[in-house]
């Protein structure tokens, strides 16, 4: 693998979960067992998933390294590769290259409160970190945890199967919001950047980690900054077209930084220094 | 770079020596092609055409082909044989000679090594060839490259009439030159006088030290104008001796899938478009800015060198005269202007 | 009126348009930095008018840029073929007539770096802009149909020779898409070669992929193409492809007596069905 970073290793899909309940059921989570078991990654990293004959695309690892023996990808159907992945059945094989990119600065988060703000499938990369910091072995290293997950509608919510487990974890709040009111919904309604300031969250000793569509990352970061979060206490992870993952194919850069090797995880302090081209 | 020795090769004897090399090496050299020349695998040394002027396509394609098969998947197994025949790349102009070490920085670095590029590059002996007449649009001297730049290759040839004066630069070059007579001091001087003469014909057009910092460069107002005439074809990037961007393409045939790496171009809208439709570089302005900033700002920050060797191919071949020299000069002027206003 | 006199008149008109605020921008030509050619110029202030040139090197197809400035009031220095291209785009509802001031230039033909008149210009029949706001030059006589030298050569070939010639050109293609990008008709939001659901054609320079691309593109321009020749002029690899455009246009002329870009109220040949249309295209 290391000798040829372009050659994927084989993985077998062992479980498929339908995430969204929208008309097009556009997000599924795939549990994959890799042929080469030695796949050492950290929360925040990504991998390139191949559908041989169709192509390859980058996806964050939504599982945590604490979930041993397999990896998980949550994939939204959008282009040709994701279309093909969505047609997979349990037992089918895919190709995987990775892990690539940097990771969440876990050491810098120790002893701090953590605030996760996710928009839609933006919860996928955060879930890797959430499952890491809430793992029995690691939970005591971090203070209070808030998970705030926003989705377009209840049908668009992802990882609902994780909510009950997360809620059991001590000193952890899970909050949800949807964009527009729905019958039967008594949770929050509105965009996350609008709701955040009134949620009683203090920036003191807190690290915020956010992910979602580019527009949401920008608006949430602004809201957090207005709430008093310092730019280096706001962490996000970006998605770009990353063809190679190796800093060579030349398309995922924001200024001189390549999202595939210098990212995908950036602090707002870093992003503020970078051109607004994401 | 220090030259090991200076040798002479009579032009009449070139075919003989190339024939000798062809026993152990693939030889790639320029051949005449219409009005211009192009690099090709040589089967008959008499076809080699060493001349002024440069090829339309760059010789980078022998290390980084436009369509490069990466691996084949057969019966579910990924097979990626990586090998290269020992090769001699002959008649490469100074600018292109210099482009190889520039490309090495992206393909062979501490993050990842591209094994396909590396095996071809390390198995190739590069023989440079001096320009005696600058091409329209070439500006190598502005970037600190001489038209007779005998560094970063194994041998470097100068046309001195009936013969080639050869600067032997590496041991590989020395081995190839085995048996050739030493050059006279007179011929060495003649070649170096020619070098000075052509350098004098190409005074530097701007000073890269004047370039603004990343943020100033990115936000400079001239981007609003310089992109206007660009029609968004990929000619400049495909003609470029240092452009390295690529995409993958899977080809499925019965029982087999082959993954290719094809050249791609930052000039295309699709280059950065997400599957969702979101595009971080939505108009030609951002794409043009990316091309020039990549070469003159991002690459220097990441790798310490500009990703341009002044070959002038993009200047000559652009159908709408988007002239890199003019744009970088504009950037330098702007950099100076901003620096002065800050003081 | 010679080139210089045309140039002066064009500058006067451009100056008047900008000074009186009738347009936001003039798209014309300026001297290029290499090859002795002209290059597209985008002029927004009257002081820059003097950089506008008009000579036999003004070969770029400017109608393409009109697509970029939709919604803006612009004037275009239009050779007869540019003017026809603009008409064609208006017929295809790309922008309204009022939005573009056509400074129509009578054009005897453009020449290459070595002073040879381009093949497309050699056989051009329409030297006068058919639709214009300003007419610059002395009207020339409309030409008779002429077979281009390349077409004459192709006609004389056997099918095998034609195939050999055609593939010799197609092999050279590096798929930079400069022909597509220069073509004013290639304004699809997503070109068929860029689609991947389904993928119609691969992005390699394999001969069959190259052929598929070029033929697909040319067929899409049938009955719309004004034969300006921009596709061939911009090619960095010197592919002979204009004869293909000429062939499909000639066929449209023969079958439907249709010349693209001459009238604002006539639909392109293949977008218009009439009962009396030749059936030849259907059964052949």
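Going in written order, the chains are labelled A, B and C, and every chain counts its residues from 1.
By definition in this document, a residue touches a chain if its C-beta (ideal position, glycine included) is under 8 Å from a C-beta of that chain, and two chains touch if they have at least 3 such contacts.
Just so you know, these numbers come straight off a predicted model, no measurement behind them.
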Please identify which chain has its centre, taken as the mean of its CA atoms, farthest from the centre of chain C. A
Chains most often in contact, by C-beta pairs: A-B
For chain B paired with chain C, centre-to-centre distance based on mean C-alpha positions, whole Å: 33
Mean-CA-position distance for chain B and chain A (Å): 39
Whole-Å distance, chain A centre to chain C centre, using C-alpha means? 48
Where in chain B do residues touch two or more other chains at once? 247, 249
Sites on chain A at which at least two other chains make contact: 55, 79
Tell me, which parts of chain B touch chain A in their complex? 70-71, 73, 76, 78, 80, 82, 106-107, 109, 111-116, 214-215, 218-219, 244-250, 252, 257, 259, 261, 264, 266, 271-276, 278, 280-281, 286, 290, 293-294, 297-298, 301-302
Listed in rising order, chain A residues that touch chain B in their complex are 3-10, 50, 52-57, 78-79, 81-82, 93, 95, 213-214, 239-241, 243-244, 246-256, 258, 261, 273, 275, 277-278
Okay, in this complex, where on chain C does chain B touch? 32-35, 37, 39-42, 60, 64-65, 68, 174-178, 180-182, 194, 202-206, 233-234, 236-238
Taking the complex as given, what residues does chain C use to touch chain A? 196-197, 199
Within their complex, chain A touches chain C through residues 55, 79-80, 83
